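Naming follows writing order (A, B and C), and every chain is counted from residue 1.
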Amino acid sequence: MGQLYKYMLIALFMTSYLILPVKLAMANASTNSLNIGIALEPPHLDPTASAAGAIDSISYVNIYEGLTRIDEHGEVQPLLAKFWNVSKDGLTYTFHLHENVAFHDGSAMNCEAVKFSLDRARASDSVNAQKQLFKSIESVNCPGPYEVVVRLNHRSGSLLYNLGWGDAVIVSPKSANDNKSNPVGTGPFRFQKWQKGQQVTIIRNDQYWGPKPSLDKVAFKFISNPNAALAAILSGDLDAFSGFPAPEALMQLMTNDQFQVDIGTSEGETILAMNNKKGPLANLKVRQAIAHAIKRQFLIEGAMFGFGKPIGSHFAPHHPAYVDLTGLYPYDPQKAKELLKEAGYEGGFDLTLKLPPPSYARRSGELIASELSQVGINVTIIPVEWAQWLSDVFKNKDYDLTIVSHTEPMDIGIYARDDYYFNYESDAFKAVMEQLERTEETSARFELMKKAQVMIAKDCVNAFLFQLPHTTVRNAKLQGLWVNAPIQAIDLTTVQWSQ
Amino acid sequence: MVKKTVSSDKRKDTRFSELEDRARSWQFFKVALHSKSFILGAALSFLIITLGVIAIFWLPHDISKLSVMNRFKAPSFVYLLGTDQYGRDIFSMLMSGARTSLIVSLFAVGIGMVIGVPLGLLAAGRRGIYDIIFMRFNDLIFAFPSVLIAILITSVYGQALINAVIAIGIFNIPVFVRVARGGALSLLGKEYLLAARLAGKGRLRITLEHVLPNIANLLIVQASIQLSMAILAEAGLSYLGLGAQPPLTSWGKMLNESQTMISFAPQLAILPGLAIVISVLGFNLMGDGLRDLLDPKLRRRVS
Amino acid sequence: MLRYVLLRLSSLVVTLFIASILLFLFIEVLPGDPAQLMLGMNADPQSILALRHNLGLDQPLFWRYIHWITQMLQGDFGISYTYDVSVGELIRERLAVSIPLALFALFLSIGIGLPLGVIAARNRGRWLDRVLMSTLQIGMAIPNFWLGLVLIFVCAVSLGLLPSGGFTAWNEDFFAAFRALILPSLALALPQSAIIARVMRSSLIDKLGEDYVRTARAKGLSKNRCLWHHGVRNALIPVLTILGLQFSFLIAGTVIIESVFYLPGLGRLVFQAISQRDLIVVKGVVMLLVTMTITISFIIDIAYALVDPRLRSA
């Protein structure tokens, strides 16, 4: 009976594959609406009160706008601020705002609103998740309704970039407290409806101050189950999926003319983080041995089905200041064993590996555990949820190894933080970061960044694995979505259906 | 024809004889060997159990060694059913999955029996307030949504096999309380119990020597049904990513990991699904076969 | 009778009280801080403290329990930590998916299961019965999420007949909402219908063996009429008992199917709330489900006692 059943099922799958290419996945091409999938549902829609990336995916530059914005290439562009002047000493920034800009609630966007927004984010009782972005700000003042003066307490090379983050968007003083459930910004789309557990719908803002977008209605659907995501794309229920959760299915989609797969860059450095103060891992040789034991190509092939770039330090390969350090610790199990022997761990030892939920982490974890066992390190895998990861690993540093992707842009500075979960302490590195913060000239900044990359790679703070790709699957007729993700955003302003 | 051994008129005479009662309780296992569904069920269960037990000691290939170069190999003499996305032998994975399924379901049903049966017997023996408390306790456990509580348990205590066992086991307790209580109550009027009591035997002794052997058949039938349900429950939990963790594997986990590869590697999703179906079918058929033979009404008509 | 009802009612209240304490304590030991989770990796410790205070997480355990239980008694489930809307509203939204889904699955399983059971019973012992019974055995052994995957693949992806998942609100597009529930309810219903068919078959065979049915046959009632008039109606009682049990399972136990079809149902709400440490939602929904089940079993007990006075002594 079982045998018969098996053949029946196989026959069923086979037939369905014969039918598959015939079917047309054209749901919305004729209209101007868009159904786009994202993996995670945001907890709420206020980017100034949570670190959840899904909030930015939906709202950044679609609903909310900041003084500046970060574009597809990671460059700072003006947005609500038309232009700005910087004083000679670099401590005073004067922003000149666009006039005639209104929030979706009808109130005017002016210096009052900007001052309100920035002060709110900086306040001592603020729940902003990226409060450090505003650390350099001394005061915000309004000499005129459309002129904002920001004074700094020290020179800052990154202020304009920081103000382009989703956490720094300008909100309306009138409705700021309701933004979690009824987001109000100045953007080209306004919030329409949130069907919890299902989708958020936004519609075109016809009063928008800038060029109007082509789409009139966009539904963000939340699908975390990879199979459901694939089925929704194949069946045409979705027009696009940003951050497609099933890399193993991409090849299949690429060979299908109806779909376009964009493999872009993201800011996600995926690392095997090591607790630099715990047991054998405090020994540089042990950490180097671990780095030597890992073959990045296999990892990228096995966990990501070939999609992802190897990295040798905590830095995005597409950044102009990137240094390729992947050759520093090449795959060499023999060398790894020798290093372990030198460190006095010839007989091998046990480590735990705590893995958060994303599939890149779980899959890489299985592969790495297998690789490390070949050099004598016995790894126990402990899968954890995000909540537990944050409290066990991140906060209490109760871990040996973990795999995680650091998705914040330009976040090499975390290695200079006291008490960060890597338990890495280097005064030399801190000095470089300090210098970087105060340097404004680009080429000098790049030199410092390069220096920083080499330092942490030499100290082998973590094993640096690969840069997470940003994969977008879309209907071939849909155009204008970002290929790269320099910040977590799905900018819909220029997205349109081709004829 | 064999079933005539305990025909209805004969039963009437032997109603008060314990020996006959007990013999009937065990005899049906012999009788069961003549039931087709029992035999098929037993054969399938035996297959799964054998694979699972072997997997505890030996696997054809080491599934903790991953080799990306080896992935998606077609079936061969080296890899009986081919290899998966990490180059692991699928047959070994299925065996390891059988082991997980068996361990979880046996221990979960074991928890249910070890805790549930004494409680049920106590409720039946003492009646009164004990009975009321135990039955309310039963209602209480039944009232909690089992899947959600299982998810909660694994969130609290970590995603390990033991927690899947506990989560599924808890919800087996009330089932066995009910069966044991019901079975024991039906024996209450029997004369041999009275005789034993008159002979001065204590409650515990009577329970162990007279009640338990007489409800063993009921418990075994229920256990085989609970086993199949536990296998399904474990598959569901591990499909959600809870339960067995590498280097162990489980059929539900295999299904979860391969579902998006149906288009180019359908066997990866079909085989573990099939394994679940076969083992659940096996235990169900076995339980059914046993129950049919137990049920006097049904037996009367068949004979 | 009144004494029995009162006794039963008081035990209902005590059971609910114990359930609430168990649930509360159990959820309080969950590792992980909701505030840390909400603010993420770069969060400032001060921001986290501020958020913990806003959420009332810095209060002592006992007061939080009292606060929660008094709120619940007034029908207020509290405010979700993550969504920042009332939990009651969240539950209402989800029930608009979960209850219709459970009902569809129930109707489908009855619609498929009952006729099959009757056909099998009527052809008892013949090949049709054997084929049906073996098919049903397999049907019972198929995990519903696996069936869901196959249905998505065949009906949605390959044939494009139905949506692959998701849900449109009823008031937005009634027909689309209905279509969205067809595949998931089928996946839930097919294994269930196998159980119903089997129970129906054996119960019907049982009833047909009773003396009054034989008498009716002897009096010249045709086989079909007899089957219908005396058999099916009486045989329905055990089937109804099973259905009662299934309904409460269907309301909350469908997390897996909801995840396969990404339906915004009650089960997935709790699943998500657990991983996001939205404890107030978890407590609220689970307590609601527990209350519902205990109340249903209370009503059933009272109903049985009304019918059969012997049971009142228990």
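Things to note:
Definition applied: a contact is a pair of C-beta atoms (placed from the backbone, for glycine too) under 8 Å apart; a residue touches a chain by one contact, two chains touch by 3 or more.
Since we're looking at a predicted model, the values are computed, not measured.
Of all the chains, the one whose CA centre sits at the greatest distance from that of chain C is A. Taking the mean of each chain's C-alpha atoms, the chain whose centre lies closest to the overall C-alpha mean is C. The two chains most heavily joined by C-beta contacts are A-C.
Chain A and chain C, compared by their mean Cα positions, are separated by 38 Å. Distance between chain B and chain C, defined via averaged C-alpha coordinates, is recorded as 23 Å. Distance between chain centres (mean CA atoms), chain A to chain B: 46 Å. In chain A, the residues that touch at least two other chains are 5, 9, 13, 17, 227, 357, 385, 388.
Residue numbers of chain B whose C-beta contacts span two or more other chains: 155, 259, 262, 277-278, 281.
Shared interface positions of chain C, defined as residues touching 2 or more other chains, are 30-31, 138, 149, 153, 259, 275.
Taken together, the chain A residues at the contact with chain B in this complex read 2, 5-6, 9-10, 13, 17, 226-227, 230, 246, 248-249, 251-252, 298, 301-302, 357, 365-367, 369-371, 373-374, 381-385, 388.
Listed in rising order, the residues of chain C touching chain B in the complex are 11, 14-15, 18-19, 22, 26-27, 29-31, 137-138, 140-143, 145-146, 149, 153, 202, 205-206, 209, 252-253, 255-256, 259, 267, 270-271, 274-275, 282, 286, 289-290, 293-294, 297, 314.
Within the complex formed with chain A, the chain B residues making contact are 44, 64-66, 68-69, 71, 85-86, 155, 158-159, 241, 245-247, 259-264, 266, 270, 274, 277-278, 281.
Across the interface of their complex, chain A is touched by residues 30-34, 36-44, 46-47, 50-51, 54, 82-85, 90, 93-94, 134, 138, 149-150, 152-154, 156-160, 163-167, 169, 259-265, 268-269, 272, 275-277 of chain C. By the touch rule above, chain A contacts chain C in their complex via residues 1, 5, 9, 12-13, 15-17, 19-20, 23, 41, 43-44, 50-52, 124-132, 180-181, 195-199, 221-225, 227-228, 231-232, 234-237, 357, 385-388, 390-392, 394-395, 406, 408.
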